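Below is a structure I'd like to ask you about.
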Amino acid sequence: MSEHVLKVENATMQFGGVVAVDNMNIVVDKGEIVSLIGPNGAGKTTAFNVITGVYAPTNGAVYFNGKKIIENHPQGKMKKLYQGQNAGKYTHVLAPTPDKITQLGIARTFQNIRLFKSQTVFENILIAKHLRRTSNLFTATFHLNGKEEQKMREDATHLLEIVGLKDERNEMATSLPYGKQRRLEIARALATNPSLLLLDEPAAGMNPQETDELTAFIGEIRDNFGLTIFMIEHHMDLVMEISDRIYVLDFGKPIAEGVPEEIQNNQRVIDAYLGGAADE
Amino acid sequence: ADTVKIGVYEPASGDNGAGGKQETLGIQYANSETPTVEIDGKEYNVELDIVDNESSTDKGPSAASTLVSDGVSIVLGSYGSGVSIAASDIFKDGGVPALGITCTNPQVTQGNTHYFRICFLDPFQGTVLANFAKDKFEAKKAYVLTKLGDDYSAGLGHYFTKAFEDLGGEVVEETFPDGNSDFTSYITSAKNAGADVFFAPTSTEAAALIIEQAAAQGLDLPLLAGDTWDSNVILKAAEGKDVQVYVTTFYQEGGNEDFDNGMKEFINSDSKNLANNGGDDTIAAVSAMGYDAYYVALEALKAAGSTDPAKVNEALWDVTYEGVCGKVQFDSENGDAQRDTAYVKTANTETGAWDFVGEQGVE
Amino acid sequence: MSNVLEVKGLCVSYGGIQAVKDISFVVPKGEVVTLIGANGAGKSSTLRSIVGLVKPTLGSVLLNGKEIAGKTPESIVSQGITLVPEGRRVFADLTVLENLKVGAYLRKDSLDEDIRWCYDLFPRLKERSWQLAGTLSGGEQQMLAIARALMSRPDVIMMDEPSLGLAPIVVRGVFDIIREINRQGKTILLVEQNANMALNAAHHGYVMETGRITLSGTGKELSENDSVKAAYLGKARK
Amino acid sequence: MEWFNQNLPYFLAGISVGGQYALIAIGYTMVYGILRLINFAHGDIFMVAGLIMVYLSASLPIYISIPIMIVATVIIGFLIERVAYKPLRQAPRMSIMISAIGVSYLLQNLALYITGGLAQQYPAIPWISDTIEIFGSVTKRVTVITPILTIVLVFALVFLIKKTKIGMAMRAASKDFETSQLMGIKINSVISMTFIIGSFLAAVASLLYFSNYTGVVPTSGAMPGLKAFVAAVFGGIGSIPGAVIGAFIIGICENIIKGMGMTTFSDAFTFALLIVILIAKPTGLFGEKVTDKV
Amino acid sequence: MTKKKETIINVALIAGLLVILYIMEQLMNPTDMIFTVLKKGAIYALVAVSMNLLNGFTGLFSLGQAGFMLLGAYTYGILTIPSEQRESVYQYFDGGIVQFAVPVAIGILAAGVVAAIFAYLIGLPVLRLKSDYLAIATLGFAEIIRAVFQWDKLGPLTNGSNLLRSYPTFKSVLFPFIVSGICIAVIVMMINSTYGRAFKAIRDDEIAAEAMGINLAHHKRIAFTVSSFFAGISGALLAMYQTTIQASMFKSAMTYEILLIVVIGGIGSVTGSCISSFLFITCSEWILRFLDNDTYIGDFHVPLLRSGFRKVVFSIIIMIIVLFFRQGIMGTKEFSVAGIRNFFVRKSNKEKGRKLQ
């Protein structure tokens, strides 16, 4: 069990009557790139939100490196609504806020880019270093943490070089073109020293050419940072090229799981998601 | 000729704006009557330096600083005790003497050597009112409504309560917050409490509302108040309504014919003066007091023989002056005028004028 | 052949930055025309200035021969052109149905038919008719945005990256719908990152680079052009 | 019965003042709903309406003064939006709010300048200012009229917003100006409409309020304005029924507190109640939950 | 220019300023209005900066500033009134229950601490609220605090609704400058630290900030508490400046005034807040006063000028600034030596460029 970096167990997420994620089970192993695909509204982003603590699941648990980090059970009104078969399995409520999850080593990007608008590229990354600080309010205010501050800046600079944003260092984050903003978001997530990186549609809004570059980039960071990557994406070129495994979600439930070839030829997936001839 | 500056530290806006303007009018009238003073054998033009303290203990000090910075020799004012107390240290630090006109709270002059005053004090006024309530209405229970955070109101309410209780009466006390204009609940409470008199030492603004609402709710208790209510605002509010209003005050119109006529003429001479007096030429007691204060200041300047504020301050202790509101003479402890009677008036709701009730002292 | 939309010497700038630099192109009646180009090339700015959301600094825009540059969006829209904005921009606090109704704000006739038609095009929306649009998934919102634009029965529909974030099957669906509504006589100006499909669907295409139009031709010509292939079509087509 | 007689006046005062708060609160809530702007000047518009009435009635008969006063107030509300808020459409929200505070200052100071800071006596309006007796309590007729009129106006408004096209346009515009424009909605007219309705209600409220509490001073609008604003938040800002219910609750509680002799806390209590509600329900009683979809 | 060099220049500038003030005070009449304005300006600068820390840098829209100033002012007053004065100050309450007096420095510090403690406690529930709801809740708390302090039953401690006075005050303008200066310097240092960056991240995007591992509740509470600490200190200074205090002066209007100062200076600019507080105080309390007086030039009666006109003009000025200088005086920029130098260098470069063409 402890070999799974991420394990989502019987997760269900309901919004009123809408069951966005329905009894989902997913595992991601160390060093893998796993993709999560599925029709719009299938619950992919919601699954990410559950894993990162944005929403407390209606039911289910999430394990990270074998440790239970999130757990919930259907309560009150939800209990009546909830139809899942594991209603009684979870007894505690463990619902950390997103920052605690990040602290543990899970970082994410957002489907709709969420950079710190009024900050420069460099500052965006520097902010992400805050959570690994050892200084407190006092030492930080009176600049008694010179070494640490120095280290933060060096790390951030280094990251900028890696993602190729060295020249844009002092520009406002929002003035960057879209593709670079996506890269910056990834760099910012990396700055939190994660071991698991969740990417929500990293290639959205990119043209095929840029998508190709991104494909290479994701592979590189996986190798260079020893990361495990879990990714939502609709660009099939990208998904098929770099995924080790793929989960397909529909109506909140995984309908298929496997290596790219299997998925590509799975009739259910073709019907629900890929549609007709896969080329065009 | 040279000029000597007299500072006028009065509210022209805020809760006490109406009263402050009337007090200022009295000063201005006196100034128009006697625009010069002879100091040490030299003729000086008297210039009034008027600032607005906005009835606020928060804005007041800056206004006071302006006067000090302008180099006035003496300051008159203010209507309202809180602002006077708040500016006290500014005047002290600036070395400028101040002459309170109708600020009746003891704290204004207590323990300082530069603040004087020409009116009676609240312990006195409160006792007078308590006696009056007892004597005239055989009141056993009084409802006391004061404004939160207003030193004048709280002070007078406090002394009234003390005196009334000493006389064996019972008191129900309530306060209303700043910005309140709904007094119906207080009036209901007074009724429910079974009070015999309704005592409300407040600004004229609140007063008008209280009278209006008391009438609308058919409150048949006498409304009692201190010097602030001696204003044509009250007369207007009460006119044609079924209410009884009694106030204690410093001056009764008709007390000094020359002054009355001159003052009325002054008010009517200029539409602005008329507006500042609330639209008619009823003479407010505070105007008469302002008038007296101006002459006391001139006396002090003459006695000092100099425009130097420090000298004026020194001289003030010994100034005596017979004014339209009676004799002014300061005690040597706090610089308070020694007064032992107050006038009681009632609003005539038919004629819209004050009727003299009598003089009331303390036994 | 008449040009529904004629853009001449259009310039747009934000503060000091010039995003669109003197571009001219035409959209003939009944055709699908596409604008492709890298991020930040100025495609969205072009569309936004046509519809009046930003005021062009220079240039003219003729809609059916009438000058519309510099007018307010309301008056431009009322002349039969509409824009499906980039990033969906559905009214989050209105229900799906209300969103559709707002789309037909300028119309005074009955909407039932059109609503049915939209629901046929996007059955998913029908299921979600009473849901608040803000809680729809990204793809659902995109469908709603397109449907909402159709509700005003425009002559010209401009779409800014309608396939953004959509599942492959829906992307294809969207392009089918584009073809479909084009067949029904609507003129379409399409901005797309998915250059392959856009050029496939389009009669004409223009390539934008840093605020200028650098290439134009029929959809087919462009998709076979080497530099377009290298820059925009990605590995799959190289 | 004794108890009833003693406490009825508090309830009457509470309901009446609650109705007046409600009318002002709707103005806040509507403007907030569309512009996300706490229109700090709204209470002052209410005060200005009172002053206009004072000055008009000095030279004109009441029945002519009232319509002129309402029209003038509506025009002032409209102009304020055009001059002080419209130029800031693109500016950050904070700027518009500061502009609102600025307008509030300006109105108060203008009133101060014009009135010379003296309280102005509101004219007695025939019929509604008359004194009547209800179950033995003496009060003005306006006390009874207020809640009824309020409820009628509110029903009309809710209908306008939920069922009419302009109402839908208002709701759409409240979320996204640009896209609304794309739909052909004339944003400026929608916003002006909001201010016109809001000012109209403020004018009506001022008529009712000052008939009861007859002194108009430059700061007369501040406290009712603040209370009404609290009422709007209390009920969930943006929700008209919420604002109305909030206003009645605040009006009644306030008077009960006074009746209990806790007068020092009558204002503080309003806020305490508000905070308790907000902590239990962060967007007010009927507030829309913010759908912050990530 | 290196950072160190810039720090040195800044320190030198501040020292220079203090020396100038000192000399001014020796040469000029100490009761001159300019000193009044400088004193109050310095105090308002501190509270404006503390408010900016919340509203400008952390994006927490709080309107409780006046309440925390009240706490600071009262704490200072209550603790430092000399024992022998208490009988007369607390005349209605038999001299009050506090019967000792602490030194000024401790009083000021206590003012900050008490305000901070209250802020911490208030923050626990209300910081969960968002934007305008937070604003109204904090405004409400300030009003509640004000009512509580006026409460008769607390009179032995707070003197009820009556004035507190006779506590130690300052004479020299240097005092508020030094105290405010130190406090503002601390705030600036905090803004420039890693915590300051976290605050700005929260302001820009809470969800992203949280995803970056920033504990929202914790950091908001820090900002709120620290800001209130300094508001408390400025309250103590204000008490000293005014020589008397009373709960009724800490109304919401005071908070709005501070907010105006912050916005006029530029939300998110510390130097902007400082500059604008001096301008604001100068205009509102000093140089416009002539507008209130009837004025005759020869026999000509200048129209409009009469009591109240000053405030009308002042509000029009505010409106003009708000409408035409949307970013405030400084925007989000800071006034710095380097900035000025760059400004001129750029200008001359431009000129050079023009010549070359």
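Chains: A, B, C, D and E, in written order; residue numbering restarts at 1 for each.
We adopt the following convention: a contact is a pair of C-beta atoms (placed from the backbone, for glycine too) under 8 Å apart; a residue touches a chain by one contact, two chains touch by 3 or more.
Just so we're on the same page, UniProt names per chain: A, C = ABC transporter ATP-binding protein; D, E = Branched-chain amino acid ABC transporter permease.
Keep in mind that what you see is a predicted model, and the values were worked out from it rather than measured.
Colleague: Give me the step distance from chain C to chain E, shortest route via touching chains only.
Modeller: Graph distance in the chain contact network comes out at 2.
Colleague: Which chain has its C-alpha centroid at the greatest distance from the C-alpha centroid of chain E?
Modeller: C
Colleague: With chain centres defined as C-alpha means, what is the inter-centre distance between chain A and chain B in Å?
Modeller: Averaging C-alpha atoms per chain gives centres 73 Å apart.
Colleague: What whole-number Å value describes the gap between the mean CA coordinates of chain A and chain C?
Modeller: 31
Colleague: Cα centroid separation between chain B and chain E, in whole Å?
Modeller: Here chain B and chain E have centroids separated by 35 Å.
Colleague: Express in whole angstrom the distance between the two chain centres, defined as the mean CA positions of chain A and chain E.
Modeller: 43
Colleague: Which positions in chain B are in touch with at least two other chains?
Modeller: 12-13, 148, 175, 177 - these are the residues of chain B that touch more than one other chain.
Colleague: Could you check chain D for residues that touch two or more other chains and list them?
Modeller: 112, 116-117, 222, 264, 267, 294
Colleague: Among the residues of chain A, which ones contact at least 2 other chains?
Modeller: Chain A, residues with two or more chain partners: 45, 54, 110-111.
Colleague: Can you list the chain A residues touching chain C in their complex?
Modeller: Contacts found on chain A: 15, 18, 37-42, 45, 111-112, 177-179, 201, 204-212, 234, 236-237, 272-276, 280.
Colleague: Per the contact definition, I'd like the list of chain D residues that touch chain E in the complex.
Modeller: Chain D reaches chain E through residues 32, 36, 38, 40, 84, 87-88, 91-92, 94-95, 98-99, 101-103, 105-106, 109-110, 112-113, 116-117, 222, 226, 229-230, 233, 237, 264-265, 267-268, 270-272, 274-275, 278-279, 282-284, 290, 292, 294.
Colleague: Which of the residues in chain B end up touching chain E in this complex?
Modeller: 12-13, 50-52, 56-59, 61-62, 65-66, 68-69, 82, 85-86, 88-90, 93-95, 106-107, 110-111, 148-151, 154-155, 158, 175, 177-178, 272
Colleague: List the residues on chain A that touch chain E in their complex, please.
Modeller: Spelled out, the residues of chain A in touch with chain E are 52, 54, 97-100, 102-103, 107-108, 110, 114-119, 123, 126-133, 135, 137, 140-143, 145, 149, 152, 188-189, 191-192.
Colleague: Where on chain B does chain D make contact in their complex?
Modeller: 12-14, 17-18, 21, 148, 174-177, 179-189, 192, 204-205, 208-209, 212-213, 216-218, 233, 236-237, 275-276, 278
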